[in-house]
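Across the two complexes that follow, chain A remains constant while its partner is chain B and subsequently chain C.
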Partner chain A sequence: MTERYDAIVVGAGHNGLVCAALLGRAGRKVLVLEAADEVGGAARTRRFAEGFTVSACAHLLYQVQPEVVGELGISLPRAAEGLSTIALSRDGRHVRLNGARVEGVDDADQAQWRDFHRRMTRFADLLAKYLNRIPPRLANGTRRDVLTLAELGLDLRRLGREEMREFLRLIGMNIYDEVEERFQSPLLKGAVSLDAVLGTHLGPRSPNTILTYLYRLCGDHGRASLPAGGMGAVAEALAQCARGHGVTIRTGMPVRRIVVDNGRAAGVETENGETFSSWTIVSNADPKRTLLGLVGSRHLETGFTRRIANLRSRGNAAKLHLALDGLPAFDGLERKELGDRLLIAPDADYVERAFNPAKYGEMSPEPVLEITVPSFRDASLAPTGKHVLSAIVQYAPYQLKAGWSDAAREALKKRAIETIAAYAPDLPGRIVAAELLSPADIEAEFGISGGHWHHAELTLDQFLFVRPVPGAAQYRMPLDGLWLCGAGTHPGGGISGACGRNAARIILKQQKPA
Partner chain B sequence: MGAVMNDAQNTAVKAQAEIAAVPQGRLRTPFWPRLNELDRLNAWHEWKGYTTPDALYDADLEYFSIRNSTGVFDLTPMTKYRIKGPDSLAYIDRLVTRDMQKVKPGRVAYAVWCDDRGQVIDDGTIFHLREGEYRLCSQERHLAWLTAAAIGLDVAIVEETGDIAALAVQGPTSFSVMKNLGLEGIEELKPFGLTHFDFAGSELMVSRTGFTGDLGYELWIEAGRALELWDALFEAGRLHGIRAIGTEALDLARIEAGFLTAGVDFLPAESTVRPGRSRSPFELGLEWLVDFKKPNFNGRRALAEEKRRGSRWQLVKLDIEGNKPAHHSYVYRMLRGRRRQVGFVTSACWSPVCKKNIAIATVEAPHGDPGNELLVEIYYQREMHWSRVMAKAAIAEKPFWDPPRRRATPPAPY
Partner chain C sequence: MKTYDAIVVGAGHNGLTNAAFLAKAGLDVLCLEKNDYIGGAAVSRNLYKDWIYSNCSYVCSLLRPEIFRALELHRHGLQVTPYGGGVTFLENGGYFGSYWDTEVAHREYARFSKHDADAYQRYSSDVMRQTRFIREFLLRTPPDPTSFKPRDLKELALLGRRFFEMGEERMQETIRFWTMSVAEYLDEYFETDVIKAALSGSGIIGTALGIHSPGTAYVLLHHYMGEVDGNVGSWGYARGGMGAVSKSMAGAFQSYGGELRTDAGVEQIVVRNGRVKGVALTTGEEIDAKIVVSAMDVKRTFLECMDEKDLPPAFYRRVQNFKIRGSSGKLNIALDGMPTFPALPKNNPLLDGDMHFIDSMERMERAYDDWKDGTWSQDPYVDMVIPTVTDPTMAPPGKHFMSCFVQYCPYRVKGQPWTDEQRQAFGKTVIDQIAKYSPDFKDLILHVEIRTPEDIEREAGLSEGNIFHGELTMDQLLFNRPVPGYAQYRGPVGGLYLCASSTHPGGGVMAAPGANAAREILLDLKRNNTVPENFGDD
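Now for the complex of A and B:
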């Protein structure tokens, strides 16, 4: 006898939890099945050495949508907010960024930065409005779709003639040309370049990296905050909220397949052979894994299958975790600044050069890094007096030509540590334990195809109306009863909750309770 | 100096040889030597990369061999794919709109396949050669689509157009020819059946299929044995009026039978650019090929929607007054005293066997419903001057040519 639910959410990633909580709040009987033993998906806190824990994948919050926390009535545990960004320089003359403020550059760059930041945040605010909407359909749209499109057009027009022209000029452009045009300081150019490409398979000269930059600004205008207790605490807060709304969450329950009965999704079967029935299956897994893996192409049509198979979703970022017996000393950095966000991207060309080998399946000899020392602000992560360092290491292509062997992983770990050590010479001596998660590890650990944290590359052809693929942008898949709510849907990756919320809204709108 | 010249000459000769080794121009089918011997007209055209005769000696006489004795048509250029593997049935069943579970080994099915919008990519015949092994035979090439359709399924798709030589042997005496060829048990082969024979150590596949609407067979053999098969066939048919035929004769016969040609009566969806220029199976009169009892097939969702909303086009067979073929004509209908253009003719001919002026046309729905009287605007030329008639046309509900002998099993030994 299988148990019947109003909705089953596959995967307890943060979007899945948001979606489940909102469905539960609306009175639905919801079951969430999670493969791992903990909730969170890529928003998880991981113990990687005795006494040391760290955010396993995403480590900073930028884009949590106020609509999400507002509707759920929760507050997320934050250890620090409004972190500054420090672009590290070998000579200790770092550039410090916080919102519209920048230090360490000349007056001309200061003025340019203020103008750049004002314009970018304005555009990002426009974009952010649409992140929290169900993307309109271009063809066969309903009245609501047409209205949303008209509103988008009107909002663009309202920017004013000059700003609209700027928006349209910039949106498909690359960040490199823009920073070269505006700024003198190599560090400033490097920092902006890194923010545009972090987590993507793009270099600063790749088209469309202005879009990815704007995406990062949606929400907190690029000012990061640090979750208390690691990202897993965010997921736990969402899970608590969901449970409060009557949602059943079962961890350690990997879903083997989505059961299709007579052409519609009818339930799920777990690896241990249990089946659960529902006419609404919401997958928090990425589009490829959901459709090609859990559903199977035989239940889908060929054109759609081909689009999903061709979705660009090759991750290019690795995650480095170091357990340290004390705080490392970075040249020219005050101790308190170790709680901020540190970047190794000394100039825009450095970032582009780091990307070059990735195009051909090789890792960067000199990687780009985003470094945090979360234990500086959050003592719960490490034993007293000790610390953890968490860094995103780019570029580390998923399809490494030589394959992600232990040796390859060790090599990248070594390169990453050496790269940081050039700025913090005492770092290597302080390492108690170290681990590096390659995109292949991220795929295996978190079940994300290609190990890409956006599930699908965030580019104009996979954005808004056409995310993840044309004809399936409104969370509903072309298999009755199947929905997506993960980062592969609009608006995309990052800890925002917008995908899960939008999905829940359209599900509630289109399906009245039985 | 001399040595240098020699080197240069050698290089030039080598380059010539390399160029010669690359096939250029039209390909020849394995039957080409025989067709070439019989050819009196030197009228050839290109068909999917191969050279193929319009007619060999007289298109009308060739046509009459189909209807009165036996016509032999070289259909080697038809695109052929071999599909096999554990998931081949699931693959084919999802690919086409009809239920392939019902097509057992040894059976052949006419089918259409659609894209996700329910628009016809092509039509063709699917031969269930053996358990789990199929041949798909179509006018157009489809490797990209067929490969995409294989994503996630354990199935291999091999293009075998050039490896398999094929002949259509069509007409009332074709059964006798097959008997004379020594094909034991051929009398039991039903329409849309196929069976395998040994032909001098090679496998000869014979299917009771064709593109003429008449009694007939198609013979399939490895390309290397093509000429031996041809010779044996013509020897077997010597006293039964066997004739090689070209495309013109076959085209007359297929219009009489009401068969569609891709690229003529409809455009393959993947080759259309403008919206609305492709067709759904409903719009081609092929609703009987769409089986909504199947939970999934390519185009199902769009076709279910079209069925609910109604189709835009209808394909009709027209019986037109007069004897001037309605090539490329506009089709009209009188509505409230005014003549309104509702469609166009895609194939037309004077049918010698039916003694009728017939056509296949596309008209806007619902003007193609049975019983509606349509008008066809026919232009014709007499001594340079053009004339025009508005000929009445009735919508025919059945194929113009569909003799009982086509289905009789065992066939009559004419």
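Now for the complex of A and C:
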């Protein structure tokens, strides 16, 4: 006996939840099926040791689109906002960044930073406007598509002649040349480089890294905030909102396949054999998993299948979680600054050197890290007096030549801890428990192909009109009734909700089938 | 004192092309060259006994046929002979050959992979489509996207129209092609490492990027968009070496009444009241002209031959930050006879073409890592040709000239000037690599000229020895080349123009920048314009 829904969302990641909530709000009868026992996908809080919890993948919010929060009428639980970024130095003379302010560099660098920040945020605002739109079709589109294209052209012109030229010059460029042109301080160069390459398979010298940097600024201009209760609380807030709109969410229900009937998506079948029917199937899973896994290439056109198979989605970011019996002491860092965002990327060349081995399927001998101690601001994460440290460790290529064995994982964990210990010598002695999630673990645990946090590399050839692949950039897949709403679609990964919102909007524009 | 209508600084192929078109339109033109020979980087040098070295550029394909015809270069002795063949030698003793005949090529690919043999057809037609798109814009002045002038709007509209005419799917493919790395692009077609490595070389020649860097797929195009005798994508040798190209252009220029002076290095482009007045030579001599056209790269033009105070500050800073990076070196070798390559039978036609010794993508990329680290590649990508197989005029009977283009080689070693020891070590790296595949090669060597980017800068005047006068990255292409706002060949000072590879469409012995600049100059002077623009492609 199958139940019929107006829409079924496969996967309760944050984008799936946003999409479901918006569909529910519009009066649709929506079912969300989630493989894991809890909602959130990569936005989940994870207990990794007795009494210690941490944001499992994403650990900071900096990109939540105001449109999403506004339309859903929710407020996200935050433990701290406007975190500073501190680029750590071995000699304790750190560089501190917050918005347009920078400390620890000379006057020339400060002036350059203000100018750089002003320009970048301006460009990011322009970009952000289009992140919240459905990408227009370049041809064969509707009048709305043509208008959006024209508006994009007009917005570029509105930047003014000089700024428009600068935009067109920078958009395809690498971050390395830009920071080398502007700044003197190696730490500042390193920090900006790291922000540009976090979560990508790119080094600072790779063209395209200005784009990834701008992407990061879309939303909150790069100001990071810390969710209260871990990222899982954010997902829980979205799930509650969805339920409030009448959405049914069922966890522990892995989907085995998307049922194709008469050349169109007609429902889903779960691993336990239940089937659910709907003419609208929205997948929050990544494009490869959805199309090659859940649908199957026999239902798709060959050229399209090839494109999906060619989608680049090899993750490089590993996640380190440490349970600590007390706060570590970083040289030259005040205690209160442990609540900020700490970077280990002493200079741009260091970041590039860390990237080199990733090209050959080896991990960085000297990794770059983004470190937070969330328990400092959010006591709910650890027992009283104890703390958790959460760090993104790069580069740990998904396709490790030797494979992701336990030994490889241990080796990277050791390397990452040693790297941090160079700045916080008492850290190793405080570790009660430690865990490292490699991209392969992230793939296995969260179902993201390649363990890539954008689902698909965020480069110009997989961006905007051509994301994830040509012919599928408008959330609609070339199989009737099938839609994508995850990070693999426009605009991309990060906890932004834009993908889910855009997908819901275009789905709602469709007439319900009779 | 005489005032010329125009002075062209530098007698490289672009300078000569520009000068020839100006003279053809009736201008009184003087072309100045610092060396005692013309040609810039398109030269035939007699550096060892009776051998002629194409010691900078060494093969010909990009030279626009419209220019060839308009300047009647054949009447001035230019003859380009296409060559076939080409081979990549494998570490395991095998080889991967390149063939023009599609049937044969298919069989060769199939030796490695049936899948790749089939993919090759698709790859060729896809790349050819991109080639056809770009070719139309080589001989056009790039529009300024921020301008509302009718001509810019018209040119933008043409660009847009050509783009939209492709249809949705191909438009999307084009966006991807222009932004991808060559490695990723090839990954979409091929599965065999050897085949990918062999094809990826064209994506990095002359470029300070690795095969995995986004944007290198476009560089591939830059090596496919030429032609010989109407065969798009084929390459040839100029009979008598690359100097024959410059010589024929100089011939055309002089036949139109132009005046050519060698040994006349320009010290300064003289500016008075915001307008060029002429040039001052290193000897102190001053020559006046109404306009000055620089065939030098932008850095050399503005940072070395002009006063900062004469230039807008924003422009000056942009030029300082212009990316012009030495990434390639060269070995020119006189051989006592034809070396043997045991992987192939003697006189195999594959040896007529370009030979390579890198058979994996990892080796390709690692070569780049060495460069980033400030040193030459320990296992470099060498593009080697023996033109004397096709053109016997370049060496005595039975003897040969070999040209080895080497990627990557830094302008400075770890930031320091090259020492002679390092130069020799660099040469040895290349010779050893070749000798691994040709046991008798070392014994046949009579003379070697080793050229680092530093040497190329000193002799040919290319800043940092960059063969393209500036990186071919998206931020320095089309309307961004050389710097945004100055892509239409006009400098920031009245009467000053740029006509070399720092401008659209970039480097290579193409002559398009020279011709495009001439068109703009003649437009400004309201002269009869004889520069070809309309493109009768295939």
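Heads up, the rule we're going with is that the second predicted complex is superposed on the first by the 511 of 514 C-alpha atoms of A that agree within 3 Å, B and C clash if a C-alpha of one lies under 4 Å from a C-alpha of the other, contacts with A are read in each partner's own complex, and residues count from 1 in each chain.
Here, a contact is a pair of C-beta atoms (placed from the backbone, for glycine too) under 8 Å apart; a residue touches a chain by one contact, two chains touch by 3 or more.
All values derive from a computational prediction rather than experimental measurement.
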| item | value |
| --- | --- |
| Partner chain(s) touched by A:478 [first = chain B, second = chain C, both, neither] | first |
| Chain B versus chain C as contact partner of A:207, first or second or both or neither | second |
| Chain B versus chain C as contact partner of A:296, first or second or both or neither | first |
| First, second, both or neither for A:304, with chain B first and chain C second | first |
| Partner chain(s) touched by A:254 [first = chain B, second = chain C, both, neither] | neither |
| Touched partner set for A:359, first chain B, second chain C, both or neither | second |
| Per-residue contact with chain A, leading partner among chain C and chain B | C |
| Contacts of A:312 with chain B and chain C, given as first, second, both or neither | second |
| Chain B versus chain C as contact partner of A:262, first or second or both or neither | first |
| Partner chain(s) touched by A:428 [first = chain B, second = chain C, both, neither] | neither |
| Residues on chain A lying within both footprints (that of chain B and that of chain C) | 306, 471 |
| Of all residues in chain A, those that touch chain B in their complex | 260, 262-264, 292, 296-306, 309, 471, 478 |
| Chain A contact footprint on chain C (complex, rising order) | 145-146, 164, 167-169, 171-173, 175-177, 179-180, 184, 187-188, 209-210, 212-215, 314, 321, 323, 362, 365-366, 369, 372, 473-475, 479-480, 484-485 |
| Complex interface listing, chain B residues touching chain A | 87, 90, 94-95, 115-117, 145, 148-149, 151-153, 295-301 |
| Interfacial residue positions of chain A with respect to chain C in the complex | 137-140, 156-157, 161-162, 164-166, 168-173, 177, 181, 202, 205-208, 306, 310, 312, 352, 356, 359-360, 459-462, 465-466, 470-471, 473 |
